[in-house]
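Per-chain numbering from 1; labels A, B, C, D, E and F assigned in written order.
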Amino acid sequence: MPTLIDYAEASDEVRAVFDDIKRSRGVHDVNNFWKALAVQPALLRRVWGNLKVVMAADGALPAEVKEMIYLAVSITNGCGYCIASHGAAARKAGMTPEQHGELLAVVAMANETNRLAFGLAVPVDPAFR
Amino acid sequence: MPTLIDYAEASDEVRAVFDDIKRSRGVHDVNNFWKALAVQPALLRRVWGNLKVVMAADGALPAEVKEMIYLAVSITNGCGYCIASHGAAARKAGMTPEQHGELLAVVAMANETNRLAFGLAVPVDPAFR
Amino acid sequence: MPTLIDYAEASDEVRAVFDDIKRSRGVHDVNNFWKALAVQPALLRRVWGNLKVVMAADGALPAEVKEMIYLAVSITNGCGYCIASHGAAARKAGMTPEQHGELLAVVAMANETNRLAFGLAVPVDPAFR
Amino acid sequence: MPTLIDYAEASDEVRAVFDDIKRSRGVHDVNNFWKALAVQPALLRRVWGNLKVVMAADGALPAEVKEMIYLAVSITNGCGYCIASHGAAARKAGMTPEQHGELLAVVAMANETNRLAFGLAVPVDPAFR
Amino acid sequence: MPTLIDYAEASDEVRAVFDDIKRSRGVHDVNNFWKALAVQPALLRRVWGNLKVVMAADGALPAEVKEMIYLAVSITNGCGYCIASHGAAARKAGMTPEQHGELLAVVAMANETNRLAFGLAVPVDPAFR
Amino acid sequence: MPTLIDYAEASDEVRAVFDDIKRSRGVHDVNNFWKALAVQPALLRRVWGNLKVVMAADGALPAEVKEMIYLAVSITNGCGYCIASHGAAARKAGMTPEQHGELLAVVAMANETNRLAFGLAVPVDPAFR
């Protein structure tokens, strides 16, 4: 079991990040991911700073699409925690059960055809260069 | 170098699949991926059959989003051919350079945080179960 | 480009391993893998010693099956060199084009269903424990 | 915890697939993998349709070999569910404890040498092209 | 649950390896990894023999650095058992919490930039060849 | 071939980052990785900002160790570009050929034993929790 730092026992530095996460996301408490990262305050601050920028609402991609891409990577890597948390985030951002089914199908098929391309050592088409 | 089967030298079985790919996609020739798979006609037919269904235009997700998910998986797996071909497909389906930049940022960050979740053995939050 | 050590320029320690590889395999020269490893003589000797035991002809699995398992792993990891060398070894050990086609299909499908199992967080059936 | 659809609560579409799985495999109930996939009936039907073809008994490779290749991929990807289910399937298809030991040794060694080939950037031998 | 072979029920062959592990490491019992491997005595003996050489104290790299490299690989692969055991080994070899934090940051960032290099298909600089 | 942005054709925003990289590293030109990232100026700036902090010289780990960890991850992921660039960086930071040999041995063995732990589903020892 990793150490999880709760708000009550957090340092001022950690609390400042937790407060920003809660404010940005409109939640009452932060997820275990942040409580585990809090053991390394500098890492916590940097990762949250990046995530806040990358997943910001006003980008070129809708929040739902970004969460689905996040989920697709997490499924490919087999990260159980990330699948659970970003699956929830994608649903919250609007992913329907039908879209989830298609995402699963695309992720599965991409992992399948990636191996066919590897296994056959397919050379890149001139048109793609 | 893998064997690539061109239309001119293909069997009737393979030509039937190539014709369907060309018709479905409105292209004059098929990509190397299909020419390499054509060494295994049964596999070629089955993989194309699946891809046609999974990537069909009338699903719950827009074609552009499906291609971006495909690209995200291919980047995570480091499949050079797949990144080239599905990158091109995503651009054709409407992915802008700005969206490509965000996709890269999300894929990179997801691969980063997946490892933080692994490395810290973060337990799944009760709310995600 | 990695440094490749040829027999002519190899030390006695490396030559002893190269001789054993050539004798065991009935070949006139060793593959690039061994020439690259020869930069690290101790590693070369240990890896060859292990490979010789693991891939030995008198085990519980036929040589062809072991080479196909090796190939399956290499395809999953996207190791181009390993796919080329162990694909050749599997063919030499008897893998037919039809068997290669089935191997590709199984490897591709396993990579696909692995992600469905990850994505759906399928709990292990009591019968499998 | 994912949603698992049992036969009793399944739709007619899902029941038709479950019936086919049970008949094809001679089992009284389907595994959790299929119950989890049943949340997406179209995906369930397509994946089962493919698996039935790929793992069919009358191919160029014996069932035992195909299950061992499946297991090798699942071990490489670290898919706990897939290792449990395809390990059981391989044993049922005839894999002995000695063969399991050799499979583990080959999978482990392939994952090891794949990284040596990556780490040394070994160029493909002309003979393998 | 895998079968775990305890010392009391182990064969003489397995006990000889267990005794060597205990002596080399100065511990009273071996970890579950070795108890699980003991089902395959030949594999157990070979893996321990290799590990003993690779992780030996008198190499060119300090024990702490080798354990941190081991941990970095295990985090990248998402191997929970290996993260737990080599995390403990690294701490025992001297890894401080601050060093652990930096290791996590480097591993996470390497996994991130690996995907940017893949996604952008960056060509190797002439200076690195 | 990806687009590579050279200093001469770079925007002021990109040049500012390039200048900082050159100053921080004492080099006359930036690597292809940065020239490829420059297509996405915001991503370039963020990734460089993070890398500068994570790989900073005054941390708890020596620069050489951090570069070796980076290299270990890159080898595990099979990222050719990253292996080339961080291999060069590790050598520049002091990694000797003997240390490189040990790093390769540890990375290879960790990838091997990770799969044995996966394949045997080894439960975490109570002492590691």
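Going forward, contacts are C-beta pairs under 8 Å (C-beta built on N, C-alpha and C of every residue); 3 or more make two chains touch, one makes a residue touch a chain.
Note that the coordinates shown come from a computational prediction; the quantities given were computed from them, not determined experimentally.
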- line: Co-neighbours of chain A and chain E resolve to B, C, D, F
- prompt: Looking at C-alpha means, what's the farthest chain from chain C?
  reply: A
- prompt: For chain A superposed on chain D via Cα atoms, how large is the rotation, as a multiple of 5°?
  reply: 120
Chain at maximum distance from chain F, centres defined as averaged CA atoms: D
Message: Contact counts by the stated rule: is the higher one at B-F or C-E?
response: B-F
- line: dist(centroid_CA(chain A), centroid_CA(chain F)) in Å evaluates to 21
- prompt: Using CA atom averages as chain centres, what separation in Å is found between chain D and chain F?
  reply: 34
- prompt: Distance-wise, how many Å sit between the C-alpha centres of chain D and chain E, to the nearest whole number?
  reply: 27
- request: Provide the list of chain F residues touching at least two other chains, using ranges where the numbers run on.
  value: 1, 39, 43, 46-47, 50, 76-80, 84, 101, 104-105, 107-109, 111-114, 116, 118, 120-121, 129
Statement: In their shared complex, chain D is touched by residues of chain C numbered 1-2, 4, 31-33, 36-37, 39, 43, 47, 50-51, 54-55, 59-61, 65-66, 68-70, 72-74, 76-77, 79-82, 84-88, 96, 98-99, 101-103, 105-107, 109-114, 116-118, 120-125, 127-129
- line: As the complex stands, chain F meets chain A at residues 1, 46, 50, 53, 129
Query: Which of the residues in chain D come into contact with chain F in the complex?
result: 71, 75-76, 78, 80, 83-84, 104, 107-109, 111-116, 118-121
Message: Please output the residues of chain D touching chain E within their complex, sorted ascending.
response: 78, 97, 100-101, 104-105, 108
Message: Taking the touch rule as given, give the residues of chain B at its contact with chain C in the complex, in rising order.
response: 39-40, 42-43, 46-47, 77-79
